[in-house]
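As structure tokens, the structure follows; a few thoughts come after it.
Note that the chains are named A, B, C and D in the order they appear, and that numbering of residues resets to 1 at the start of each chain.
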Amino acid sequence: MVIGLMVEVKSNQRVGNDYYLLKIRALELTDSIFPGQFVHLKIGRDNLSFDPLLRRPFSIHDLSDEKDIYLLYRVVGKGTRILTDYKTGDKLDLLGPLGQGFKLDFVSRKILIIGGGMGIAPLYFLAKRLAKQNLLKVLIGGKNKEEMEYFIARFRQADIEFAVATMDGSAGFQGTVVDLWQKDNTQPDYLFACGPEAMLREVQVIAQKKGIPGQVSLEERMACGIGVCLSCVHKTNKGNQRVCKEGPVFSLEEVVFDD
Amino acid sequence: MVIGLMVEVKSNQRVGNDYYLLKIRALELTDSIFPGQFVHLKIGRDNLSFDPLLRRPFSIHDLSDEKDIYLLYRVVGKGTRILTDYKTGDKLDLLGPLGQGFKLDFVSRKILIIGGGMGIAPLYFLAKRLAKQNLLKVLIGGKNKEEMEYFIARFRQADIEFAVATMDGSAGFQGTVVDLWQKDNTQPDYLFACGPEAMLREVQVIAQKKGIPGQVSLEERMACGIGVCLSCVHKTNKGNQRVCKEGPVFSLEEVVFDD
Amino acid sequence: MIELDLTTRLASLKLKNPVITASGTCGYGEELKEYLDPDIPGAITVKGLTIKPSVGNPAPRITETPAGILNSIGLENPGLEEFLATKLSVIGKLNVPVLVNISGHSLDDFAFLAEKLAPYPQIAGLEVNVSCPNLAGGGMAFGTDSELVYRVAYRVKENYPGPVIIKLTPNVTDIVEMAEAAVAGGADIISLINTLLAMAIDIDDKRPLLGNTFGGLSGPAIKPVALRMVYQVASRVKIPIIGMGGIMTGRDAIEFILAGASAVAVGTATLIDPGAVARIIEEIKEYMIEKEIKRIKDLIGQAL
Amino acid sequence: MIELDLTTRLASLKLKNPVITASGTCGYGEELKEYLDPDIPGAITVKGLTIKPSVGNPAPRITETPAGILNSIGLENPGLEEFLATKLSVIGKLNVPVLVNISGHSLDDFAFLAEKLAPYPQIAGLEVNVSCPNLAGGGMAFGTDSELVYRVAYRVKENYPGPVIIKLTPNVTDIVEMAEAAVAGGADIISLINTLLAMAIDIDDKRPLLGNTFGGLSGPAIKPVALRMVYQVASRVKIPIIGMGGIMTGRDAIEFILAGASAVAVGTATLIDPGAVARIIEEIKEYMIEKEIKRIKDLIGQAL
């Protein structure tokens, strides 16, 4: 029975305004982890406490050479705020890896990766994997330079071709990452996207117009993370699908976005 | 406004089977602390968490020469279990000192102190204060030797005359501490008692018979600890009194014990 | 910096801010003064008053539950005579409106208390607690029968000239029905919610933990239920609402205001953090500054 | 070491232990199998079934509250036909009794489902969820009207030969009245409680957080209310009770059993710890060993 694993925090550093990079040791898992998958963390040091109650889902952001898992998280509420208190050596209860990651059997293709905000976190891991055998272009967008700085540094370091959009123009192109794509008019064979729903919806419309197939990673509020509670369903052309089980990655074509 | 003070844990050591000794630095307070008073601790490291919710009351067990506060606690439930995780340097939110302590203006008197179980914790601090100017005898009782060992060592170290009773006879007299008192037939001028209610009731009956005045420290479940909620009242011959405000120390004569 | 307007209105009552101390969790105001400047709350609601003195329920009277507390204090109070003799002068010294929470076991009890409290200008209004059992009616709480809620409101209004708040119990199938009955009876304001009927069992002793078997659940655990009831009532009833149940932070208070409360009350939070009311007022201000909201009144019912 | 007897009886059903998975939190049993050996629970209750397929409520469907969760899944399920075609064989493979939770919007819906499910020995019994709105009756839940509870129980019993469990909603003034109505209608077993009607507000968006506005509160926050209802019903009603609401540990389960439940169900706990049912069974055993209790049956109702 694969119950939550107690994993050790190796480091937990602030890497942006309200971003933290969490490194955890979970050797048992790292060989079975694919880009696009997530882990479900029980946050709260007092395991006798029922507040916070639910686990919190975070995408795999990267694996280190020593097979540590990196998560990149933004502080938005109770759980993530408490998570910032974790120190090296502290233990965390982790369930995962969960969900279906990106399908990756691409060779010698022109691939576009589009990410908005925290949606960029899992795309970094994806880009690193795809970069080896494909022609890659990454477009990332956010509110301002401050939000993008960490990602800029990472992609630069990984030597991956990328461009940035910010709403206030403080870094790169001024506008959304979709505007940026429209402007630079990249015409890939395939695309991957992750970010706010409004962005994914636009990406879907454009991709459809241009006839570009692809995959998107979705976010929904989750309880179980393992497919039993139906909290996290998203509309698709096959009916409701569970983001935690059939997703978080879906083919771009099948997802139905409400307006 | 005296809101909860953030105090620093100096140490938190296991000193018995399920006993811990917590040393906290709270210089601001120590000059105004009297034996019999208590502090009200908010336990739970994640101050965004509402479970556990209430503060927990603990008697002042001792003051160190450097004016640190010692609390002695037994692990019984969620709060005390979480408290055992605190390490040197961790912070705790403390309200106190609260309540009315023992009235202490005794000189050259024959004083008896009777304590049962965790009720001995505040009596140690009391005994140290009284020992200087009075003829003191301390009787303590508990389940077995293991429970009493810590107290035995402390009283021995403080050079205070004491005797022990244990239910299983593994240390000292076999029986309750009240049986021990009956047997050794000490006839003090004044007595102090703290322990389970059944014990205090017996002490009251005997003291009345022998015409010995005294003070007892009571325990009741508490919410606020500052007198606003009426959670903690105990019957007395003046009607209900708040253990947190008019108590925890009452005169032996005024307390009314139910049977 | 924008100038913030925290004033709110509850019928004829004007409050300088929307945060009230909840009955039973602040004594008569003065008990808190070491921890909370009594001038700070928008109003103060004192402990439930009955005609005769009451010693309340047997111990234990309180226990903690996950994110909640369960109490069975049971209206311990000095009774009307002693209240008038000793507590009236205490509350008379406070600079904020003081609401007196009243309880009874018959319709006449409520009418009698209302009449006896009518002469005193120290009292800004009455909060009528209908959660207590109606002895003539077999012991079910007044607040679970809309006909009785109507009558209690009517009888109190008849005998009391100032603002009358009916404080509803959440232990009902249809809270809107009860609120409408209170309005029909003449209530000026509705308070909700009182505690949820609940219990805990001591598995070592194998019996109910509280001396009284049942108790009332309050605190963060009940906030989602309280908020739902405020929202439902605000959607249907026109008179102002005092929302309460598990408010621990300014953000919680804002939720209630958005759901339709014109003011909020803070109970359990004070038992943990005696300065909670002052902190919550500051946190409301922070939210208003962040969202550039000048007048708290503009938020009332915005989520409806 | 003493030999522990964990078996319990629910009318004609014999369970090897008293811990059941709660409807809506374990899929159809198989979804959990990586985390919980499906042979371990005393019984498995599958997700609520309706005649027609249902896509449930709009997102977001879940949020956390202090020590609780608020869900508005809304009975998403494949419908009767698809259930019989694909899920029946899944549950047929399980080695423990499987209870099918059914819901309807009219009395006829319940009767129809009962009749259609009657032929299948793979199903050990029906758990009838009366928390859903009665469309003919203006949308109030069946479970809030004792006459309707009686009729639902009666119509299901008429059409289903096996054990019938009526699962009550806690959103009522008088839970005992509802339980008595279920008994009068012929129910063999009572389940309580379903979720408490509740809500949360997103103060950044200034609107209800759940897509459906209201949702059901479950988890530790509601345990004291659930326990009170089990205790009240067990004091008055003779048929066996399945207790649930916030059970996270073996000690919680023991509280319900002492309050009169013959078995317990675990819902929310499984969503956090998918192996919760197995852990809770172990913790019950630890308690029994510590207290030298041989038969779990001896604990049922001991706190009454």
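The rule is short, and it goes like this: a residue touches a chain if its C-beta (ideal position, glycine included) is under 8 Å from a C-beta of that chain, and two chains touch if they have at least 3 such contacts.
This one's a predicted model, so the numbers in the text were calculated from it and none came from an experiment.
Any chain that touches chain B and also touches chain C is listed here: A, D. We define each chain's centre as the mean of its Cα atoms; on that basis chain A and chain C are separated by 46 Å. Remark: chain A and chain B have CA centroids separated by 54 Å (rounded to whole angstrom).
Centroids built from CA atoms put chain D at 34 Å from chain C.
Taken residue by residue, chain B touches two or more other chains at 50-52, 78, whereas all remaining positions touch fewer.
Looking at chain D, residues 66-68, 219-221 sit in touch with two or more other chains.
If you draw each protein chain as a dot and join the dots that touch, every dot ends up joined to every other dot.
Residue ranges on chain C touching chain D, taken from their complex, read 65-68, 70, 140, 144, 171-174, 196-201, 203, 206-208, 213-215, 217, 219-225, 227-228, 231, 246, 251, 254-255, 258-259, 287, 299, 302-303. Residue ranges on chain D touching chain B, taken from their complex, read 66-67, 220.
Within the complex formed with chain C, the chain B residues making contact are 1-4, 42, 50-55, 78, 95, 220-224, 226-234, 239-240, 258. Residue ranges of chain B in contact with chain D, taken from their complex: 50-51.
By the touch criterion stated above, chain D contacts chain A in their complex at residues 24-27, 31-32, 34-37, 47, 55-56, 58-64, 66-69, 71, 73, 76, 219-221, 248, 268, 270-275, 278.
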